[in-house]
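Worksheet: one structure, shown below.
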Amino acid sequence: MSLDPLPLCLLFSSALFCLGLIGALARSNTILVLLGIELMLNAANLNFIAFWRYGPATSPATGVMFVMFSIAVAAAEAAVGLALIIAVYRHQKNIRLQEANRLKG
Amino acid sequence: MFKRDPEDCPLSQEVTPPPPSVTETERDELRRQGILLTSLQELYTWGNSHSVWPLNFGLACCAIEMIAASMAKFDIARFGSEVFRPSPRQADLLIVSGTVTKKMAPQVIRLWNQMPEPKYCIAMGACAISGGPFKQGYNVLKGIDRFIPVDIYIPGCPPRPEALLHGLVQLQKKIQGFKLTGPDAPRHLRDDQPCNCPVPEFGEHDLEPPANPAVWTAPPAIVRKD
Amino acid sequence: MSVSDLSGLNAERATPGARVREVHDSFHGDLLEVSMGPHHPSTHGVFRMIVTLDGETIVKLKPVFGYLHRNHEKLGETVTYLGSMPYTDRLDYLSSMTNNWAYALAVEKLAGQAVPERAEYVRVILAELTRLLNHTCLAGFLMQDCGCSGTPLMYAFREREYILDLFESLSGSRMMCNYQRFGGCRVDPSADWLAGAQKLTDRYGTFLDEFETLLTGNEIIMARTQGVGKLSPELAISAGVTGPMLRATGVNYDLRKVDAYGVYPRFDFRVPLGDHGDVYDRYMIRVLEMRESIKILQQALAGLPAGPIMDPKAKLRSFRPKAGEAYGRIEGPKGEIGFYLLSDGSPNPYRYRIRPPSFINLTVLEDMCLGHTVADAVIILGSVDIVLGEVDR
Amino acid sequence: MLGTGLLQGLGVTAKNFVGSFHDPARLTTIEYPEVKTKLPEAYRNFPFLVTENATDPMGTLRCVACQICEKECPPQCIYIEKSKDKKPDATGKPQLFPAIFAIDTSVCMSCQICVEVCPFDAIKMDQVYEIATTDRFSALLLNREQLAKSNAYYHEIHPTEAAEVDARLAAERKAAEAKAVAAAAAKAAAAAAKLAAPVAPKTPAV
Amino acid sequence: MESPEQIRDRLLARFPGAEISVVTNPGLAAQHSLLLGAAHARAIAEFLRDDPTLRLDQCSNVTGIDWPEKEIVETTNISTPDPANPAAPPTAVEQKTKRLQPGFLEVVYHLYSITHRHGPVIFRLRTGNRTDQATVPSLTPVWRSCEFQEREVFDLFGVTFVGHPDLRRILMWDEFKDHPMRRDYVEPDDYEWEPTPHGAVLEKTKAHYPTPPAPASVAPVKAAAP
Amino acid sequence: MTAALVLIAVFTLATAAVALSLRNLIHSALLLIASWFGIAAFYLWAGAEFVAFAQVLVYVGAVSMVVLFAVLLTRRSRADTVIAPDSVARAISAVITGVAVFGVLVAAILKSSLGRLSPAGVPALPGGTSVSPVIFAPTATVREIGIQLMSTHAAALLIIGILLTVALLGAVVLAAQDGSESKQESP
Amino acid sequence: MNLAVIPVAASVSEWSDSFLERLPLLARDWMTSWLPEPWRWLVNSLLSIAVILSVFGLLFAYVTLAERKILGRIQNRPGPNRTPIPFTKLRFFGLAQPFADGVKSLTKEDVVPRGADHLLHFLAPVVLLAFSILTFAVIPYGRHLVPVELNAGVLYFFAAGAATELAVFMAGWASRNKYSLLAAMRALAQLISYELPLLLAWVPVVLVAGTLSTTEIVAAQSGWQFNVIPHWYVFTPWGAAGFAIFMIAALAESNRSPFDLPEAESELIAGHLTEYSGFKYALFFMAEYFGMIALSGMAITLFLGGWHAPSPYLEFIPSYVWFMGKLSALLLGFIWIRATFPRLRMDQLTRFAWKFLVPLALINLGNAAFWSLSLHWSGPLQILRWLISVLVVVGPFVLLGRKLSAGVAPRVYRYAV
C-alpha cells in the first residue's frame, strides 16, 4: 500500500462515511441517526479538502468553497432535524425512529 | 459506625486551648523535624488560616449579625473570609448561626458532611451552643456540638459582629497551631477519625440518636454538690 | 468520604414523609422537582419550598415550615409576662422594637395599664426607626436576590448600623432591645440620644435618594420585578395579607390609621398605595413608606413632651393581670403583628399566641409564583419580606 | 430608560468607590482587632456580680442570695444556693450570701431582667464580648469567683448608672445607720425608761 | 359596630336553631366573643363575611386553646333541719362534691373588616373532647388566611379541621406523634447534665441522671436516654 | 506528515465509532464533538485553516449545542439519556451493510489511478488537464476565499444565505409548534 | 503558523521600537542563544507559553484580589488586607491573599458526588481551562509579541472560545445535581443566544480592516488623526456600537454579572459549580477569569487599537504596557458592572440577545459597510458621513430599546390620606 496522502485521506473519509452509515442504520434513536448522517456529510467534506489539497488544481479554492457551503447546509440540516425531533417528541413523548411512523399527530 | 474509641474523649482534646501562635519552643521542635516539614506546615497553616471561606448559611437571629459582620462596618473581608460560598462543597467554615431546631438538625449535619476537609465549625450564639434561651423548647436542639465537632464557641445572644470576628481570629490561631504529622495532628489529617458524622433521623418525639457519642459527652458536674 | 446529594438540593429525607415520593419521582415526566431550602441562599433563613418545574416555569410550589420552630408560644406560657418581652425581640429579629410594642400593647390592654405620653412618643420614634431599618434591609435583601453582588445590601446595612447605634445606646443591645415595658419604656432617652436621632432623620432622606438612584430607575430591576408575582386585592384580603404587601395591591388599610393606636393620630402622614400588586410595587411602597416614616419621625421628635417615661403604678415583679383575654395588634414593618393573651390570674399567661404577619403573608406564595420562573420565585419570596423567627416562631 | 438608569447606578457606585478614599462616611469600616468600637454606656452583654471591695471579692458581694433573679430569669440560666451563715451586706445588715452563684453564659440571652429585678443592685451587666473559646463548659460556665467584679469596674463601664447606684446605696446606708442610731437611742431610752418605770411598753425590735 | 349580643340576635334570627352564645371576657379588654356550635359554624362564617353591615372580610388570627379536664370541687351548704328539734336552727353540713369538668379544645377566630375598618369580632369553636371528638369545621374555604393557621392548630393542638384542603403537620416533622402545645404534653427527656439546673430543668435532669457524675472527672457519660 | 494524518484519522474514527455505539446519549454527543475536532485537525493538517476554524465554530459552537439541547429536551427522566439497547439483528445487518460499502469504496480507491495523482506523482487525468510536476500546495487565505465568495460563488452564497434563513425559520416554527402552552420564549 | 517574531512592516519610528519595546524578545533570545538551532525554536515556544501562563496566572490572582478590593471599596469597606506574606508578619495590603486561597484550594479535599459522571466531572474544568488558555495564542500583546500569527486569527479565537460553554454544560451535567442541570441548560441557551451577537459584533471590524489576522487588524488601527485622535475603531460610530455589543456579549460569554445565570448564586446555589470543591473549583474559577481576560484582550485588539498608544507623544512607553493598561481598564469595567447590576432572568436574557443585540449588530454591519464605502468622502461630505453613521447607530438603538422595554417604566404612586 502506497503511503501517498491522497488515498490515505480518501480511505479515512470512506471509513468515516461507513461509520456514519452504520450508526445511522443500526441505532433507533433519532438523534443518533441524525448524528450518523452528520458524520457522513463530514466524510464528504474530507474528500473535498483532500482533492483540493492533492488533486489537480482547477480553481484555487473551489474545494474549500464547497466545504464551507457544505458546513452551512449541515448546520441548517442539524437545526431543522433537531427541531423536527423535538416536534415529534412533543407529539408522542418518544424519539424512537420506528415509532415515528404515523403521519398524523 | 464510629471508628473512634469512646474512651478517646474528644472533649479533652478540644479543651486544650490552641497555642496562641507558633511559639519559639515549637519552632525549635519543628526545626528538629526538618526544615522542609516546618516550612510546609507553616505554609499549609498559613494558607488555610487566611482563606477561611464560610458557608452562606444562616439559621436565625445570629445570621443577621453574621451578615452584619460581612458588611461595611465590620468587614470580615479583611480576614479574607468574605467569600460566603452558597455551596458546602466550596466552604471551609460552617458558622452555625442561630437556633438549631430538631427539624433542622439533620440538615445541618448533612451540610457538615458535605463540606470537604479541612473544615471548621463555629457555634455562634447561645442557641447554637446550648439551645440558649430556647433550651426548654420541645423542638430545640440543646447544642449543635451534640452532633458535630465544634471548634469555636461564641456566646452572646446574639454576639456582636466583633465577637464573631474575634471568634474567627481564634479559629485562625487554632489553625495556625495545627501540626501536619504526629498524634497532635488535627482531625482531618488523621486516618483513624471519621470526617462524616452520622445524620440523626426524625423519631416520634425526638431525634434518633439524640447525640453522636463520638463527639459528645455530657459535661462533668461543676456546681452541683448534693 | 461518602457524600450524598446536597441537602435541600436533592432533598432525600429532608422531610421524611416525602422521602419515597422524591426519590422515585424526582424527574417525573417533563417536570423537575427541586427542593429549595432549607439551606438556600435566597430563602432568608431556613425556609423550604418544594418547587415543581416545567423547564424553568413553576407549576407547583409547596412551602415547608418549621425549621426554626423555637416554641415561642409554649415558652411564653412558662415564663412570666415580663419574661416574654425579651423573647418577642427574637420573633422578628429585624424589628424587635415593634414586636416589643405589640406585646406591651396587648398586655396593657389585658391589664388596663396606662402609658405616659412621653413613652408613647418614644415608642412612635422607635417604631418608625424600626420601619426604616426593616424596609432598608428588605430592599437590600431583595436586590441581593435579584443578583446584585451585595452592593445595595451593603449600603442598606451601612444605614442599619447607624440606627442600631441609636438602639444600642438607648437600650443596650443592637438587635435584642428588650426596651419596652408594660406602662412605658425602660429608659428615658437623653438629649444626646434625641439629637442623634434627629441627625439620622435629617440625613436619611439623602441616603434614600442615593439608594433609589442606584435601584429604582434601574432597567434591569424594573424588568425583573414589574409584572412579577401579581396579587389581587381580593385574594390579599381573603388570605389575611397585611402590611406593605396588602397596600401594594391598592387596599388602603394601615393600622396606624385604622386602629389609631398610640399617638399616631397626632401625626400627619400619608399611606402610599400600589396599583399592580407586583414585586416592584411592594418594593416601591416600602420606599415610599420610609419617606413617610421620616416625616413622622420629624414630627415626633419635634413634639416630644416632657414627663415620666414609665407609669409609676406599673409593676415589674409579681405582675398578675386579672383573668380575661385580650388581642392587641399594631402595624409592624411586615404587617399586622398581634398578640393574643389569655390570663387566668397567674403570673404566667394561660395562652400566649403570636399573630405572625409574614407567616400569614406566605399563604399566597404559591398563588404569586405559579407561572413564573425559579428566578422569579426567589424575588417574590424576597418581596414578601419574611423573617423565619416569626414565620416558624 | 434606555440604559440611563443603569448609568446612574454606575454613577452611584463610582461615587462610593472614589469616596472611599477620602470620605470617612463612605469607608465606614472599623478595623476591629486594632481599633474597637466605642461601646455606649448602656451596652450589655453578660451579667456580673458587684463586689464592694476588690481585695475581698467574696466577702463583699452585694448579692444576698434572695434568688429573685433566679426566678425571673427567662431562660433560667442562673443557679444560686444560699449560704448557711450570714455576712454583713453593703448597708451593714447581716445577710445571707450566695454559696453558689453560677451563670451559664451559653444560655444567657442578655436581657437584663435580672438587673432590673434585683433589689440590691448586686447584679449588673458586663460589656466584655471577646469571649470566644474552644471549650464550652469550662469557659462559658461562670461561677461566683469568675462573676465577681469590683464596684470600680462597674464605675468604669457604666459611670452614670454606677454613680446613681452608689448615691442611692449611700443614702440607704445612711438611713440604716440613722435608723440604727435611732434604734440604739430608742433602746437606750427604753432601757432608761425601763429603769425608771418597769411597766413601760416594749419598743418593737428592729 | 354591633355588639356581640346584637350579632348573636341577628344570627339567631337568620339561623334559627343554631347554637350561639356570648362568652363574656372578664378582663379589662372586654373583648367578648361568640361561641358557635359546629353545625352552623361554616354558614355563620360565610354570613359574617358577606353581611353588608359587618363585612368581616379578614380573618386575622386563629388561636387554639387547650382546656384539659379539670377537677372542680364544689362546696355546697346543705342545711338539714334537725328532725328531733324542729325549732332548733338547722345544722349546716358542708358537702363537697367533686365534678370532673370534661376537657375540650377551643379555636378562637379574630375577625376584622377591611371594608368598614372595624373589628374585632371574636368567635370560638369547641371540640367535643380532647381525644376522639377533636374536630371542628374548617373555615379555610371562607377565609384563605385560615389555611396555615388551622394547619398550625392541628399540628400543635390536635384539632382536626373538617373540610380543610390540606391538613398536614406544618411546624413539626411528619413522623412526630404528639401535639406539643397541649398542656399535658411531655417533652422528650433530652437534657444534658445541667451545671446550673433550675426548676423544671432540674427536675428533668434529675430524672435523667439519678446520680450526677462526679465533679472534675471527665468520665464520658452516655448522653442518650436508654 | 503522513504519521500525523494517520494519528488524526485514528483519533477521529475511534471517537466516532465509540460515540455511535454508546448507550448514553450525552456521552455520544460529547464524543462526537471530539470527533469533529479531529476533522478540524485534518483540515488544519491539509492547510485549510479557515475551514478548520469554521468547522469548530459551527460544529462545536452551534451544532453540538443544538444536539445537547435536543437530548435534554427530549428526555423524560434522567435515565432516558441512557437509551435501551437496539436490536442485535439490526445492528448486525447495519454493520454488514457498512462493511460492504466500505469494501467497495476501498476497492475503488485502490484500483483507481488516484494514488498516482498525488502532487509527487505524474499528472494523468483522463480530462487531459496538466498539472505542474512541482510540489503543489494550494493556498486559501482568507482574502482569497473572500474574493472567491464574492465573485465566482456569489450566487451560491446568496442561495446558501436564503437556505439558512429558511431553515432557521423552519426550525423555529417546528420547535415552537406547541409553544402555546409554555410561556418560555423559544429563540 | 510560525511561532516567532513578526516583522512589522509599518514604518517604525525610533521611539516606538526602542530597547524597552524589544526587551522581552531580547531577553528570550539571550536565554536561548546557547542552544543549537533546531532546539531553539522549540525552547522559544515553550518559553513563550511559560511566560504567557505565568503572566496571566499572576494577572488572574491579582484580578481576583482587585475584584475583592474594588468591590469592597465600592461597598464602603477596604476588602482583604490582613493576610501576611508567609513566614513573615508583613501584611503589605493583603497582597498575599490570592496565594493563601491557592494554597487552601490545593490542600482541600476533592469531593466527587456519588452517582456523578466521574469522567466528565473531572474533564469539565480541564476542558474549560485548556480552551481558555488556547484563546491566548492569537492576541497581540505588544508590537512584537504575538504568540501565534494566524491567517484567520480572529476566527481561531472564537472557535476556541465556543468550546468553553461546552465545559460548563459538562460540569452541570456531570454533577448529578438538579441545580447544576438547570445551570447546564441555562449555559447552553445563553451560548446559543450570545454567540451570534458576539460574532456579528466583530464582523464589521474584519470587513473594514479586510483581514482576519489579529496583527493586521491592530496594524490597521495605527496612526492618529491630526496627531490627536487615534485611528481606533472605537472612535467611529459603528466601532463604538460594535464595541458596546461586543462587551455585552463578552459579559454573557464569560458568565459575568449581569449575565451570570448559570452560576446564579441566589437562585441556583452556584449552578454548575455546586458540586465542585477544592482544586477543581479553583480551576473553574481560573478558567472563567482567563476567559474574561482573553475576551478583553480581543476587544482591545479589535476595537481599542490593540497595543497602540493613544497619542504619538506617549509612544515611548512600550506597547505591551499599553496593552496591559487597556486590559486593566476593561477588567475594571467588568468589576464595576458586577458591583452595580442585578442579574437578568433567562427569558429576558434571550430576548435581549435576539430582539435587541442581533438586530443592532446586523444594522451595525451595514453601517460599517457604508463607512468603508464612503471612505473617500471629504469636506462637508465627511460630516454627512458621520451624521448618517451616528444616526444609523442611535436610531435603531432608541427604537429597539423602546420596544424592548415596553411595559416597563417607572411608576407614579397614589396616596390614601
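In this document, chain identifiers A, B, C, D, E, F and G correspond to the written order of the chains, with residue numbering beginning at 1 in each.
Just so we're on the same page, contacts are C-beta pairs under 8 Å (C-beta built on N, C-alpha and C of every residue); 3 or more make two chains touch, one makes a residue touch a chain.
Since the model is a prediction, treat every value here as computed from it, not as a measurement.
Enquirer: Quick one: name the chains whose C-beta contact count is the highest of any pair.
Expert: That would be the chain pair A-F.
Enquirer: Work out the mean Cα position per chain and let me know which chain is farthest from subunit A.
Expert: D
Enquirer: Report, in whole Å, the distance between the mean C-alpha point of subunit D and the mean C-alpha point of subunit F.
Expert: Spacing between the chain centres: roughly 83 Å.
Enquirer: Express in whole angstrom the distance between the two chain centres, defined as the mean CA positions of subunit A and subunit B.
Expert: Going by mean C-alpha positions, subunit A sits 58 Å from subunit B.
Enquirer: CA centre of subunit A versus CA centre of subunit G: separation in Å?
Expert: Roughly 34 Å separates the two chain centres.
Enquirer: By the touch rule stated above, which residues of subunit B touch at least two different other chains?
Expert: Expected reply: 56, 71-73, 75, 78, 86-87, 89, 103, 114, 116-117, 133-136, 138-139, 143, 157, 160, 195, 202, 219-220, 222-223, 225.
Enquirer: Among the residues of subunit F, which are close enough to touch at least two other chains?
Expert: Those would be 50, 54, 62, 66, 69, 76, 183-184.
Enquirer: Can you list every residue of subunit G that touches 2 or more other chains, as numbers and ranges?
Expert: 74-78, 109, 111, 185, 265, 269, 274-275, 339-341, 346-347, 405, 409
Enquirer: Can you list the subunit F residues touching subunit G in their complex?
Expert: 26-27, 30, 33, 40, 49-50, 53-54, 56-57, 60-62, 64-66, 68-69, 72, 141-143, 183-185, 187
Enquirer: In the complex of these two chains, what residues of subunit B are touching subunit C?
Expert: The touching residues are 56-61, 63-65, 67-68, 71-73, 86-89, 98-99, 101, 103-104, 106-107, 110-111, 113-114, 116-117, 127, 133-134, 136-140, 157-158, 160, 195-196, 201-202.
Enquirer: Where on subunit C is subunit B touching in the complex?
Expert: Checking each residue of subunit C against subunit B gives 1-4, 6-8, 13-14, 16, 38-41, 45-46, 66-71, 74-75, 78, 86-87, 90, 93-94, 153-154, 157-158, 160-161, 174-176, 388-389, 392.
Enquirer: In the complex formed with subunit F, which residues of subunit A make contact?
Expert: Residues 1-12, 14-23, 25-29, 31-32, 34-36, 38-39, 42, 45-46, 49-50, 52-61, 63-65, 67-69, 71-80, 82-87, 89-90, 93, 95.
Enquirer: For a test of understanding, state which residues of subunit G touch subunit C in their complex under the given definition.
Expert: 71, 74-77, 109, 111, 113-115, 176-179, 181-182, 185, 257-258, 260, 264-269, 274-275, 338-348, 405, 407-411, 413-417
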